[in-house]
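Paired with chain B in one complex and with chain C in the other, chain A is shared by the two complexes that follow.
Up next, the complex of A and B:
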């Protein structure tokens, strides 16, 4: 409980910081007042149309990634699992890339996130077909790897055949992941999917705890593994699909955050779920603030930053784990 | 009243039957040892009885809803999985999940730990224990579930002699108190001493079913296991020791 309270306060602080920090250089009281002011004006516009959606999306996408990562690791009983494992991220990215390539994204603002959601839904259907009703964790992992590879190849194909170098550059930049220049429309689009997916994943707690003892033991404790698998696939596809749709591919948050918080939750998967959701939100908000502070004029991409910090951090965790096991 | 009722239970893998037309009824008070050589179908029989794998024939447990089944029978699988470094109390408390919350403070948790000689292990990290200690913790989880019937797949594997005897004694006591246990057992000496009844499987079929001395006959041991054994009644009860391979 104390862990959740501290994580929640951290998220609140970072959310506030995300609202306060930006190139416009607004004063603290001024910007806070502008957030709740009805009428227009440049300060209110910056706060309500630029910083607020950015902070909300950071919160939502981070929570979705952390929560899905914790659920995926719990279900597969593997600390190396991450939310992209079932192919949702790469398929959502493929949908977005197609929207960019065909020019749909330029013609109609919501075409990109909608195409990404369609990609995630496609991956969801495919994985249900391959590993839904029967088959254990291994079938799920292998099907996910195959779908990721397929979506990755298709993305490369689109880039390969792209006649226009500017379109190709735009695609590459988009794939790095970012929360810059998003609107409240993005929030309204992503929020229902992330909230529904999150609500679904939170129902898995008891079953994930029982899965600590293996699939047969969990089943003998009354858990319905088939239902759990469906809920996991749906919840992850909705949450991660929506966050890729609005923020692009952001790696390592879903992998590292559950890993980091596991020792603080007594390693119980049910207690890890809310902690990882809050932790993911905190990490993504912090990383997004960092992109603005480190290189405000260079448009440092969020996904690049999470990977460049996340990967060495993960290596460090593995190094420590290796020492303990040796 | 029967706690376990299998009728003509059959599991096919391809063309061959791994479990072939097994009928079995277990009543309260019985501690049934399921014996048979490797590959005889002991594990498959237990998993099919629980309804985990497709089967023909009937099992009263497979007919129950998952929630009702979890209150009717506790199961120790052969794989000793502990995926996360949780505390021993949290792990054993998972046995309480079918009855509501998995509360590590429930008296059944402390009772089960103490029965398995694990007093003082409450806050230890389960994954840091030795293999045998982990098995004892997992058996404690089985006991904490407090079901009328227990199915255990090789509960004695990897245990030291004290823990082996302790586990068998706990199962025998549970049976004597009106519950029932069905455990697959490779140590025929332990099975002969502690079980009230033995069920011998031979290539998926029921080879013998009855009190230990009627099942562990020279003829059946030679035919099913291909071994010869020393058998004596002593002041400490029956002593049974396989001594030689005869084929």
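Up next, the complex of A and C:
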């Protein structure tokens, strides 16, 4: 409980910092008041229409990534399972890009998160088929590399063929993610899916605890693995899909956060899930604040920062696994 | 400018007098395309760039359809046997160098960065085409048109806002259009010289009277989404004057008068609204 409380206060602190930091350089009291003021004024516009949606999306996307990483790792009992690494995020990006470039998203706004969800769900399904319960870490990662490469190539192709000259330059956005200049419209599009996906993943807690004893033990405890798998696919696809649809693919959050928090939760997945959601939100909010502090006018990509921290961590994990296996 | 221009001038000077005006002119730059179409004798211009028929970039798509299009590559252009190639100073450097090596005369012009520069550019192209008189006539029309749009009004503020939060500040043609129509350019005030990005937060805080955005391209892009951001929409609704940049804003040709007229109308609309 103490862990959750301190993580929650960290998230609140970072959320507030995210609201207070920006190129406009507003005063603390002034911006806080503008957040709740009714109408008009440039300060109110900046706070309510630019910074608030950005902070909310950072919170939601980070939570979705951390939570789905923890749930996947628990279900597959594989420490390398992470939506970014195994191609779920890039497949979601492909879905989103197809919805945008076919004009589907312009005709019907929900098509954007739904298409991203479909892409993410497809990748989840493929991964579970390829590297199901009996496949080891190697099969999982190799399948993930193949799916990532394919989805990334298809995304680039769709953007290159777009009649819009800006689209091709946005390949990096879809692969690295950014929260710059998002609006409340994006929050309304993504939030329902992220919340629904998160709620679904939280129901897995008890089942994941049982799974730590092995599949047979879990089934003898009355866990329905088939149902759990469906819930995992839906929850991850909805959460990651909706985040990617509005913020692009942001890697490594779902890998690093559960790993850092696992020792603190007594290695019990049911306790790790809420901690990983809060931790993911904190990491993404912090990364987004960093992009604004380091180079405010350059729109640094979030995925760049998370990868700079996450990739060495990933290498460290592989190193450790190698020593264990040897 | 610089070496390329000096080289072009040297070539001009080196031309023997009996050579006469060029008879097979190929333009590979959007802006020289339009000036050449306005100035060339019938039959003198044999090809313009493919951008000249792009409605989002060119003010003269109808006229341009009458000419075979080129993509600016040295091979394609050389096979048209031109005796003069018109190019921009930043476009297709490699093609220009190759064409010169092959003995083709190339005249390069820098992008126009002020309204005064338009007349200058018209004269340069007219000279190269051997159409100095047509050039002077066009300059007279342009300057008369510009003078007709001059008014003395108290300054208002405007921001030029493009996809990805790009804006143009000091030292650009668009900035001069704003200045001529009594608008202070928010981008220039924010310290942008040439082109640069202006975070949306700072644009909103500058609270400009008019926000001038670009017309969207077909297909979707996140870069252009910023132009329909609710915060921007609200700010534009408050000003009550909507202005959009289009092909007329891109080049320093007499078509820039239409851009000046549009901003003049926006400025007058603002005055009437107050």
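Heads up, the rule we're going with is that the second predicted complex is superposed on the first by the 237 of 326 C-alpha atoms of A that agree within 3 Å, B and C clash if a C-alpha of one lies under 4 Å from a C-alpha of the other, contacts with A are read in each partner's own complex, and residues count from 1 in each chain.
The rule is simple: contacts are C-beta pairs under 8 Å (C-beta built on N, C-alpha and C of every residue); 3 or more make two chains touch, one makes a residue touch a chain.
These numbers were taken from a predicted model, which means no experiment stands behind them.
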Partner chain in contact with A:216 - chain B first, chain C second, else both or neither: first
Residues of chain A touched, compared between chain B and chain C (which is higher): C
Contacts of A:206 with chain B and chain C, given as first, second, both or neither: first
Contacts of A:267 with chain B and chain C, given as first, second, both or neither: first
First, second, both or neither for A:46, with chain B first and chain C second: second
Residues on chain B engaged by chain A in the complex (per definition of touch): 47, 50, 52, 66-67, 69-71, 73-77, 79, 81-87, 90-91, 94-95, 97-98, 102, 138, 141, 145
Residues of chain A that touch chain C when the two form their complex: 22-24, 26, 42-43, 45-46, 49-51, 100-101, 103, 105-106, 162-167, 169-170, 173, 181, 183-185, 296-299
Contacting residues of chain A [partner chain B, same complex]: 77, 206, 209-214, 216-217, 219-224, 262-263, 266-269
Residues of chain C that touch chain A when the two form their complex: 163-165, 196-197, 199-202, 204-207, 217-226, 229-231, 234-235
